[in-house]
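Both complexes shown next keep chain A, but they swap its partner, so chain B is in the first and chain C is in the second.
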Partner chain A sequence: MKVVTGVIGNDIHVVANRLMDLSLNARGYEVFNLGVNTYLEEFFDAAVETGAEILLISSLNGEAEGWGREVKLLKAKYKSLDNLTMMIGGNLTVGSGNAEDIVPRFKNYGFDLVCHQVDLNTGLDMLEEYMRENKHS
Partner chain B sequence: MSQLQEERKIILGNENVDSFDFDEVQDFVKDANEQLFISHHFATKNKMLVQPRGGFPTYEKQFALYDFFVKANVDVLPLTIDSNTRLNDYATAKKMLRLSEANEMDMLNGYPLVNHGYRTTRKMMTHFNLPVSLRHGTPDARLLTEIAIASGIFEIEGGPITYLLPYSKNFPLDKAFLYWKYVERVCADYSTLNKPINRESFGPLTATLVPPAITIVIQLLEMLLSLEEGVKSFSVSFSQQGSMIQDIVTGKVTRALADHYAKQIGCEDAHIHLVYHQWMGAFPTNRDSADQLINMSTVIASMVGADKIITKTREEAVGIPTKEANAQTVANTQYTLNILGGLPAITDEQEEEILTAEVHAIMEAVFNDPADSLWRKVFNSIKNGIIDVPFSPHIINHNNMITIRDSNKNIRIIDRGNVPIPDHCFEYEKSCCDLNKDTTSIVNDIIHDIGIMQ
Partner chain C sequence: MSSTSETNTKSQNNENLLIDIGSTYFKVSTPDSIEQHFRDFNKLILDDLMHKCGNTIERFDAKDIRICSSANGGLSALIIGLTQSYSLKYATNIAYNSGINIIDSIVFQNIEDYSIPSDLIDVVIVVGAIDSHGNVFDNRLSDYIAKLNYSNVVYVGNAKDASILESSVNRLVVLPNIIDNRLHIVEAPLKEYLTNLYQQDIEGKEDIKHLYDITGNQIFSTPFVVNKALPLLQTSFSITDPFILLDIGGATTDVHYSKDLVTDNIVTEHGHDRIVFKKLGVFKSRQSLIFTAEKNEYAYELLMHLKVTEKIYEEQSERATKILMQLAIFLVLCEMSHYRNSNVTLKLLSMNSIVFTGGITKVLKKEDIQTVVTFFYRKLLNSDHKPATVIDINYDIWTLGARQHATCQ
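Our next item is the complex of A and B:
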């Protein structure tokens, strides 16, 4: 399965991104890693170009809230992305946020899976389960 | 008009700057209170200066943070800049500042200095009348530095290497050198008017398994590039590495070689300081553990004999800290520094020798590059992997050097990549580690070593 990943906005935290690359490969995905400092358009463009089923965005430095608000608007401009599974994880607010508020808010922004301060492998397990369930339904 | 002055006019003609008054700013710096200059505090205070980190989007929140720091007996105030401004995206910074002002929620991870401007910011700096350090991570910091100095901020952190390799994916490295040359010259020029402006290099780099030889080489090169342009007060720095002896050795070798290389270019009149960063890597989420880690960092900084310590908070793993948590670290750090006494003098001659030989070998390879100026030599050396920073997100960085921790938690080089680590040093580094494992276990060890404090 093809997955596009990277770190959104003006964010340069790369360590988790490198580990993400390793883990996704080890789990058998075909990985297109755009690295840090990637804008929303670049993610969507890459999803179109590669025909990826999954878009997996990281955000560590607190910018996610700002970019998240633009997701629906921008995604609507792409015709072929309706079936794209969208996941975001990392540290999704500035300051200490509360997952109970953050998860529904980001789902509203258009993400199917939201992981605020969730360990990488726990998050990827959630993704696998989600993909399994969605294939059957 | 000099070429620099012409360039300054263009930079300050930026649409986000509200008419920069060169003469007024010059007079302000000339008459500025000496308390605003960290170089004055280094010269007159007989203690390790304590400086936190911190930047909030709005003027009011930044002011309130400083109030808390002052109550906690801070020595040096920080001004941490948001990530949009760092990458010169002033439009996004402006939008997020408006949203932060309108809502309860902070939409920026720092203070957008360019958008606030120097007339406003200077009011805050002169009100507190303490030295302020600009913390930013900006490859092109020309505009930011101008606005900072005009605001009364007389310490500028960073450099063309330390604010590029950890902080950018594809900003052109040659441009970074030229843009930082501008910063050095502006700092050097202002330094003739009053006390010197202090420049500080950012030794922590990616804060992820960077070996001391790489850190020191980069500290020395940025120091030389700065002194070359006429800067008279400079701080070299590094962050806690995970092993106390490795930190002590690193501090000693850094100081000795900084003096050595400054002298070599005839700049022994410059004042060189040593700065220590409390643990900069992945923090424990448990706040009590974080407090213990921070306290241990303070003890090690004392063993290292640092001139300044830069603090973290118990909320590091969680997010931008509250002003309460941030000020608490300042008070705790001052307390620990006050009660520490009778520190033993510790040395490890073998480690010092190995590290010194590694640094000299890399420096020599840089100097031997045929280019005609130091910045070009350094540029070429990064391009061909003579300098290689583990976990740099930048495309120019080779990422071929591999490091791991030995059983004493020292960071060791197990693959040199293209870095000219002398053979006998490399053999020593490898001999400290258990390498009779398959690649997967070594990768798992590296992941473990990144999270060593968690």
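Our next item is the complex of A and C:
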């Protein structure tokens, strides 16, 4: 399965991104890693060009909130992304925040899976389970 | 406009005479002088050239005359791709570096929303998706292309869609995908194809064809020649990398920039790339320059800063030309900054030098340029950064490139 991943916005925290790349590969995904400093449009564009089923965004520096609001609007402009599974993780707010508020907010922004300060492997397990339950390929 | 210093020496063996034919003026450079003349559009290029510089030209053997030209405007391309960030960006980058001008780029999913350009298009480029993805194009593509007036059409997209397009698009040339399986750019095949087309075009253009009467060498495109000079600039000028080179001419503005200035998803081998702003020139494209300025929210303030009003747009004077050139600098910098989401966004705060060449160097002084650059950094980037301004007063960059190119052949 193809996954597009990267770190959104002007965010240069690269460590999780490298680990993500390794873990996804180890779990058998075909990974398109756009790296740090990636804009929302580039994520969607990469999904179009690769035909990826999953978009996995990291945000570590607290700017996710700003980008999150634009997701639905921008995604609506694409005609071939209706089946794209969208996941976001990292530090999804400034400061610690709490998942009970954050998760529904980001789901409302259009994400299928939201992992605020969730460990990477736990998150990827959630993804696998979600794909098993929701997608019949 | 001419700055001649005729010498009395006779035939200069083994020395080259360099000629550059632009859209507005031409330049003729001997080893010890350089002349520049406005073109007379009532004459054939060759006649105009011989009329104005015949004496100089006759001193040289055909084998020592090297001509480059941007007068045919380069080839025009229409690009149809899947997304702005990948297929269209990659194809645009390759086209610019091959000396091609892009008249429009089309995002395939919305192809019905685009009008059909009425002009003849030299080459239509179709690109999209990695090879393991397919079925991204459908008959809307062939329907659209069928309505175009084009000379060539080339497909550089995913392998899966190639055969079906081949059967539905007339005269389709299929080359390897310019996007590899890691979503990275592959330049060589398309670049070679476009460079060859450009070359054939120069050779085929009636007006340019006549120039082969005086030269025994192939005529190259000017941007190609200038690009040759870039790696050598630091040895001949006080320029520190990374830099940009702005060639603001009559019809277009060419920007050559160090690759260090892009944080881009494009990874290529060469150190300098080129981008063309087709509609930013001060003579032939004057109206579109003004149009762009009127849409720019800072241009008005810049005019105030330069102590003029928008009335200057209607003026035909030296002062107006000067202001338009200053505006052109500003608009080009805007185009390449985050302010405008164009094809290329440069890290302008990391830029150490900004080099000017072309007609602009005859009109603007260093302080005229610096005031605009400073204004730009303050207003748009909120910074006091001051890249060093270098003005290539005597077209040394072009001469350097042309001589370099001559010795490599």
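In this section, the second predicted complex is superposed on the first by the 135 of 137 C-alpha atoms of A that agree within 3 Å, B and C clash if a C-alpha of one lies under 4 Å from a C-alpha of the other, contacts with A are read in each partner's own complex, and residues count from 1 in each chain.
Quick note on the criterion: a contact is a pair of C-beta atoms (placed from the backbone, for glycine too) under 8 Å apart; a residue touches a chain by one contact, two chains touch by 3 or more.
Quantities reported herein were computed from a predicted structural model and do not represent experimental measurements.
After superposition on chain A, the partners chain B and chain C collide with one another. Contacts of A:59 after superposition on the shared chain: neither chain B nor chain C is touched. Contacts of A:14 after superposition on the shared chain: chain B is touched, whereas chain C is not. Set against each other, chain B and chain C differ in how many residues of chain A they touch, and the higher count belongs to B.
Once chain A of one complex is fitted onto chain A of the other, the partner contacts of A:46 are limited to chain C, with no touch recorded for chain B. In the superposition on chain A, contact of A:5 is made with neither chain B nor chain C. Once chain A of one complex is fitted onto chain A of the other, the partner contacts of A:32 are limited to chain C, with no touch recorded for chain B. Within the superposed three-chain model, A:85 lies out of touch with both chain B and chain C [touch as defined at top]. Among the options 8-16, 80-88 or 422-430, the segment of chain B that ends up inside chain C in the superposed model is 8-16.
In the superposition on chain A, chain A positions 37 are in contact with chain B in one complex as well as with chain C in the other. Taken together, the chain B residues at the contact with chain A in this complex read 83-84, 86-87, 89, 92, 95-96, 99, 105-109, 137, 166-170, 206, 208, 282, 285, 315, 318-322, 391-393, 443, 447, 450.
Residues of chain C that touch chain A in their complex: 82-87, 109, 128-130, 132-133, 136, 179, 182-183, 263, 265. Those residues of chain A whose C-beta lies close enough to touch chain C in the complex are 30, 32, 34, 37, 39, 41-42, 44-46, 48-51, 78-80.
The residues of chain A lying in touch with chain B in their complex are 9-12, 14-15, 17-19, 22, 35-37, 61-63, 65-66, 91, 93-97, 117.
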